[in-house]
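Each chain gets a letter, A, B, C and D, in the order it is written, and its residues are counted from 1.
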Amino acid sequence: MNAEATRQVDEVRATVARLHGELTRYGLVAWTAGNISARVPGQDLMVIKPSGVDYDDLSARTMVVCDLDGVLVQGDHAPSSDTAAHAYVYREMPQVGGVVHTHSTYATAWAACGESIPCHLTAQADEFGGEIPVGPFALIGGDDIGKGIVATLTGHRSPAVLMRNHGVFTVGRDARAAVKAAVMCEDVARTAHLARVLGRPVPIPQADIDALYHRYQNVYGQRTAPANS
Amino acid sequence: MNAEATRQVDEVRATVARLHGELTRYGLVAWTAGNISARVPGQDLMVIKPSGVDYDDLSARTMVVCDLDGVLVQGDHAPSSDTAAHAYVYREMPQVGGVVHTHSTYATAWAACGESIPCHLTAQADEFGGEIPVGPFALIGGDDIGKGIVATLTGHRSPAVLMRNHGVFTVGRDARAAVKAAVMCEDVARTAHLARVLGRPVPIPQADIDALYHRYQNVYGQRTAPANS
Amino acid sequence: MNAEATRQVDEVRATVARLHGELTRYGLVAWTAGNISARVPGQDLMVIKPSGVDYDDLSARTMVVCDLDGVLVQGDHAPSSDTAAHAYVYREMPQVGGVVHTHSTYATAWAACGESIPCHLTAQADEFGGEIPVGPFALIGGDDIGKGIVATLTGHRSPAVLMRNHGVFTVGRDARAAVKAAVMCEDVARTAHLARVLGRPVPIPQADIDALYHRYQNVYGQRTAPANS
Amino acid sequence: MNAEATRQVDEVRATVARLHGELTRYGLVAWTAGNISARVPGQDLMVIKPSGVDYDDLSARTMVVCDLDGVLVQGDHAPSSDTAAHAYVYREMPQVGGVVHTHSTYATAWAACGESIPCHLTAQADEFGGEIPVGPFALIGGDDIGKGIVATLTGHRSPAVLMRNHGVFTVGRDARAAVKAAVMCEDVARTAHLARVLGRPVPIPQADIDALYHRYQNVYGQRTAPANS
């Protein structure tokens, strides 16, 4: 690896380590049960959380580097046990630069019921373009989880999938966008749960969902990337 | 802009930036999805949050200044995507000095069901004078949201409106009062949700609601403004 | 007031100011909507929170001192709008040294339904000796709230009462014990709510409730006062 | 006690004191209502939380040391009122090196209903190997609680038991593993509660539960101990 490639890997290590702080800030993870990865631009590499290491102990140095088959290339720890799923997504979805996995509470409750989250909120139309879909039940230990993620997200607007009986995977053009999708997925899942328990949530007409989604993806934010508020 | 006008704008910038800390403290916002604005007293200007900027990065300097048509007058960032709604409120409701918008969870669950929050709590009678009303579904991108807010709040005691399928807008004589209304709206929405799920909430007779509201608006606090406890 | 009496008042001011930090730590209060008072031992005085002052701005200095009719004796701010209720309790219940009032969410949901909290938890048997009772609806502005508190708690084991459509009042031999009762009341109210929503909570036989209560009040802690764990 | 034994006790004191910070970080405890203990390796001693002492005031010094009959051996405070239950577990389950007790909210709601938590989540299959069982109602003050814990956990995969109408006890090869089980138990109890309220949680086939459990216990983490992510 030449000096520029090394510098780039180190930058991604720092970014991925830092972004894990958003998972704890928003209460999306318990103990060590969630992880973030990022593709290293222009290299067939990904940076991912080490397995079973406390969020407090994460730093650029403790992150690990794998190739896109999930094989450890660099680092002092074993990679996350979810590495195979992340790697599969990077291999099959070239536009994806970041992947996040959590068992965030409300989203995982929808996943436990095998139900997609219907779109009753403008914020969901903005970020997810409609319902948040459910993916199949899949066992860890091979490519099954990765295949389920890719099969569900391909051709779908949503950057988030609820893997049945398991939890959430989100993707984005970079790790920060995938983290944003994970935060918004839990926020939307919680509000949708509370609305369902409260009464009869009112559907948003499909044409309005489409209008909101297209505006949000193309107009909002500081002109460098979609963003809200 | 003369020196005094500039000084006044700077003071409002600092206040609005600081008040955003209450939105995160009370858990009313996820990622960048809520915003506060304030009218600049005596000038046809408002200070508002920039679009898509993290709450951690907000400061007096990063706030933006718009005229009351929502056109950027001063600032390095694009204004909040909700600027048109804030601006419409300032144009149509001259007594309003501050506006807050959130997707706070429980209030937005009521909004997703298109239900107003009935008044079962003395704290709600105090602050909102009765039910918290629902406004229409409205698309972003013009004056529709602003019109829905103004049509719902005009002639109503409540400083908060639940915009259907969307979230909450609150108003106040200044930005701090609007923030207080946003905090109390979520608090009341949560308790009312839990009471509905638990059993049969007991209505408060209208005469008692009236008595509580009038006392609270006229008697409480440190004599400079309504306040509770 | 002689030097010793002044010293004692100052000590109570510091204790009451500090204990308000437990209300925010445990999320029992929003904005300025809860308050703590303490009787000054041996004097017909109470120290209480000022009205409408932020929890961040509370200090020994900002607390106010009232007589047991609720009349301001010392302090730069108006006393809490709930002062009359606190004062009534001190006049009628000489064994009470501290009073706490909150609108804590789950307890207030039970109060909104006018339901007492049935005893399905050993922790509730320990601290409250059985159900947590509901008191009457009462308007602020006279002695009605105080009378409702005293009428409900007199002859009852529970140091907490759910005032209908309003919130919680707790009492204790000192302010710390009343704060503990407020914290435990919300904890028990939340668990009881979740159990009700989940399934069929199992009653604890009265003889077991009695045994738990008597042991806890007489045996636990570091021998200076009842305490748990 | 020789110097090496003393050093070892001191090390366990520090570990147990520090681990209590995880109980407050994850919101598993209110006031002083939860406790952690650890066996001192190679000695018939345990280190446990003192009774009724604030979590803020816990330190290696304030911890207490008991023998495995629960009799105080060393320390300035009375041991936790749950000491007899911890001691019984250490006497009867030699493989256990740590015990945790909490009244964490969602797990205790299941306990109040006398219902075990069915396994609808891969994370539950990983950590608990299937359902989390309910133990009997038992009064404090003798060995009844300890007996109920041991009878329920013996021959069961789960390191957690929901004691009916009471709360959770978890065990582990050391105190950190028991704390992890307590954190994951509440996380799973919360998601399972929300799924039940939302709809129809989908069961995981027993063969898949078995596969997940065996993999997690034998393959995950940094090769020194089972861990996830």
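Operating definition for what follows: a residue touches a chain if its C-beta (ideal position, glycine included) is under 8 Å from a C-beta of that chain, and two chains touch if they have at least 3 such contacts.
Just so we're clear, the structure is a prediction, and the values are computed from it rather than from any experiment.
Residue numbering shows that chain C and chain D use the same positions for less than half of their mutual interface. The best fit of Cα atoms from chain B onto chain C calls for a rotation angle of 90°, in steps of 5. Between chain C and chain D the centroid-to-centroid distance comes to 31 Å (mean Cα coordinates, whole Å).
Work out the mean CA point of chain A and of chain C, and you get 44 Å between them.
Contacts with at least two other chains are made by residues 197 of chain C.
Contact between chains, as defined at the top, is found for A-B, A-D, B-C, C-D. Of all residues in chain D, those touching chain C in their complex are 30-35, 49-53, 77-78, 80-82, 103, 105-106, 108-110, 112-115, 137, 139-141, 164-167, 193, 196-197. Contact residues on chain B toward chain C in their complex (touch as defined above): 26, 120-123, 180, 183-184, 186-187, 190-192, 194-195, 197-202, 204, 208, 211-212, 215, 219-223, 225, 227-229.
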